[in-house]
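Dropping the structure in here first, questions after.
Labels A, B, C and D are assigned to the chains in the order they are written; within every chain, residues are numbered from 1.
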């Protein structure tokens, strides 16, 4: 019962990786937004496996279909159903996983919780589940862009111990998409691509950090004391598969600082209250202050590897498991779209708590 | 409208730091739990300022009163109202803050959002707001303890760059409370206490990291895909004042690893499925796997310092602000109780989603 | 876990009839509303027992205290806690009810559900619980009045088989409060008062119907397909103690009509779309159309009577129960304030879904 | 943003009458329930127009497809997506409704609220929207039947002023479906069918009352003080198109009674607490007492008629509108399935609040 998200822009995602389809219902989208599959497909394409040599090679076309909520090219204010068929021939490669728990996957915990699971490829715990999130996020992104000119840009900040420099104020989606690693610096990107390729050949996998900057959000969004923007961003992004950490502004490194160095001094800039530094990451007391929102998310190395691993089966035998076929040695380049989508969902939800659905557009 | 938390064990906190009282309503507590103020007061005492030489010296007695939901010493299954009067003479020291935005506080964002704020001591954005959380958390903690024997232990892992070693499997609350820094290692504690005292004399402040271990939670709790335990813990803890980061298991450091090194191999231990390592931090696919839950939270240096700072006032003038009186140079020792409370609230909520209110006790 | 109500203007009521206090937390009230106990007390006084010779004679002063959320006479946008102490000496008259289930009360079902109950006067199932609702409703009423000039007027339409004529467009609160029966027509009021007094002397009780008219609500409020205004009004009012029926517009009688007679023809009135009749009761497709909202609620005869009744005790013995002391022979005059409060809560919640908190005032 | 319903068994319906498809996502269904389209289709067939000579003749096949949440014939505990394509050639007959507001329809209020509407056949305000409810209700019904042996039987109690006698304790679905009017008494059914047929020929429509009896529900379900079973049933059923009234147990007629006559005396029946009468309708204090739950719902005469009616268009002109083609002179026989579905959704939601998802089956 945890597949709904949001307070007033509410989504309900559905679908297993090897069921008939995956998708989302969006309830609470303002009426009158020009919307078609063209707004959604590019985001799904960025999320899709098989985009490049360093991602998983499973070919999935992932075609979005809008089945409700849009009329004559505009949203009606009624629920929007987006469905993506699972066209790939599935189930072939999974028989060996039927009764064995893959280490650091959700096989064991789903079995413990539900007493049943779709053992073909992860079912609901598969990253394929994020299609619904990304589709809904595309709507959120468009609403924010139309309303505030908001820019949401995520990128691979680091893979393993290789980190990319980034100009937070100017980094663009074009720069991010300029290479298959989605690393803004093209030199570092090459190093990272090489490293991922090595891991792929080794049958191993790598983790890394995604950084996200959001520009042009108005001040005053956020609902203390629990539904603070940073808390909601944290939940949203930590709910993504493989995410193990979240920080905002100065984050963990900021704990090394002192109050006198860390506090963001206010000043006036053409009649507007601004801060000279942005250790707060754009949010103070859980409410946006108009500065860039800056967060980082840690993604563990992908659990699926092609090496022999110790594990147990569902009858309590200790066994060895060896993955087959292809694997995704680093989910980071694809996860960029997921992080952006979750951020868009949180922000549009808070925007619609501040300016209601009927007065938003 | 963001002062409610939880899905089936739902709390509603209320109160400003310098209003008449602060507190909480708990809706959804199972009937039949033996409960009195004695269960709540010790947690409030751990949270209270003025406990020791290194915390803020404001004396607050913080007496909890239960005004509903308990009858003949047991919970009725009806809402529990806990109120804590604000007995301290207040308002004296705050006149200079009336129209000036304190850097890295929520003064400016509250004003931007609501157009009005209680400028006496932070109002709703004050850490005093957490009294309601801690009181409700005490109930959650007791329910989990009675039901599963759950142990929830948080401690100060580091202050600034000084870090304490900890034995996750055995660290106890007694050890944590053995010194005023709430650092499990007594030698490191001394160093940390000295450092905090220096900051206090400097009128400055320090940040640090709180680590939390939860032992004896059953497997199978958590509601993918959004209400994963780790995501909900993240939101809960990130909603605490001054918290800027959250990680679970291997967290940010885990991004440096490889899948083959990072995956937690399963094995059988007396008929129970266990993992040899615990990089997952007790949660896989958002669901508990029965291992210890381990999370860390980053707290920035306290924003209130006694040094002159550049800022602006509410008429748009650039001014200097200098704090007066006493300040809390490091919130970490007190924040331990807040982190534990938020964890208890998340876990009891998920426990009650798994085993409903009427069948819990 | 059912003591919270509302979507964005959310209330959380608490308190048993014979506990220390009863009250409510209101989360989501817009900031900047002028508010004090003076806005709340008159509504509590209308709800209070012992107002007149025909209501229960228990004297309760029911003094409202606002303990949070208001600063310098204005709401802060933070949760508002209102508490009403249970000052009456309690518990004396209830010993005989300790182990006996009163017929058509909630004694048996609370015991079945929770395994424990406050047997002193009904606990949470007492009408005293509605104090929190009425206090919160007073805030909702004020918000609607300030924003739209909304008028919410309920009155006793009938008691037993005696019905009062009413001019829906003009009936005022002054007229309603002009007699102790809260029946708009003073002649019918006298007959009803006499009938209630007879029932009182007989140790018996009477039921009746409350009608509610809401004038000056804008069109466009309501959230199909589930959170229709009429559905939400229905839930709100049916959740009141003793309420057994709800209808809107033509209601049950409308089932006797034909489409051609029942449809409300549209016409233009000074540039505004109006309907010639109002069988819809101000709501079409779950959304307000700008006409008066008209609903009726059926209240059963009060369950507490002073006559001997067959029942069972909690050990399974068939016994006789005879009420003692005074009783309330007809709850209708007091229930007027409860119906108005629930309507105000529903309407302000929907108003704030249409125009968000921060832009409402 | 009002298309989600339920607390722990949560549904999200979507789809306009003349969009591509309509359907529902069910989140919170226990894992392990045997489920296929065969469980859902019969309920949709009972709801479907064109079943008989007295319902609307539009032919809709309404084939349910389950696209997620079921694996190897059993529910996974993950969201269940059910989709029903809109196969009918649509849009032909609606051009004349493009800019005219049909009286007592939702055309005007949707336009006022959203500024846009799907004018082809009512869009989201069409009764076609209830397909998602009925499909989800079929799952709820099965869960209750498997768990408690619950029987949910609704039937047409009256059409216009013609009322059918019914034996509440024994009336069965077979009896209800024995005639096209879904009136349990076959003689009264004939009279009612004749009356509906007359209305059809007149281009007019009729209203009526549906009664619902629920047998074999355990005691103890319901969550006071707001989420009482009767209040939730009221909201659920009042949210159905054309529903204008709801009552439980003695309802409006009970207001004519006295407490001494109306109270349900308790007695012991083979160790079980029972009531001699059932004026409470199976619910006391908002909680089930184990007796039959009995409610009634008033449905107004269908708004669509084939007679000329006064109305206005969206440019503010007063015009005449005359319906074309076929119409549904009485929605009652079809609405039986909708009422049952909503009751099932409320009851299964409360059952799952009492016994959680993971322990339900």
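The working rule: a contact is a pair of C-beta atoms (placed from the backbone, for glycine too) under 8 Å apart; a residue touches a chain by one contact, two chains touch by 3 or more.
Since the structure is predicted, the reported quantities are computational estimates derived from the model, not experimental observations.
One of B-D, C-D or A-D repeats the interface of A-C: more than half of the contact pairs, counted by residue number, are shared by B-D. With respect to chain A, maximal separation of chain centres occurs for C (centres as means of Cα atoms). The distance from the centre of chain A to the centre of chain B, each centre being the mean of the chain's C-alpha atoms, comes to 27 Å.
Distance between chain centres (mean CA atoms), chain B to chain C: 39 Å. Residue positions 1-4, 8, 13, 113, 124, 220, 353-354, 357-358 of chain C are each in touch with at least two other chains.
Within the complex, the chain D residues that touch chain A are 1-4, 8-10, 12-16, 19-23, 25, 27-28, 31-32, 65, 67-71, 74, 76-81, 83, 113-118, 123-124, 357-358. Across the interface of their complex, chain C is touched by residues 1-5, 13, 101, 103-106, 108-110, 112-113, 124-125, 129, 158, 160-161, 199, 204-209, 219-228, 230-232, 234-236, 238-239, 241, 244-252, 254-268, 271, 273, 275-276, 279-281, 283-290, 298-305, 307, 309-312, 316-318, 353 of chain D.
Across the complex, chain A is touched by residues 8, 220, 352-359 of chain C.
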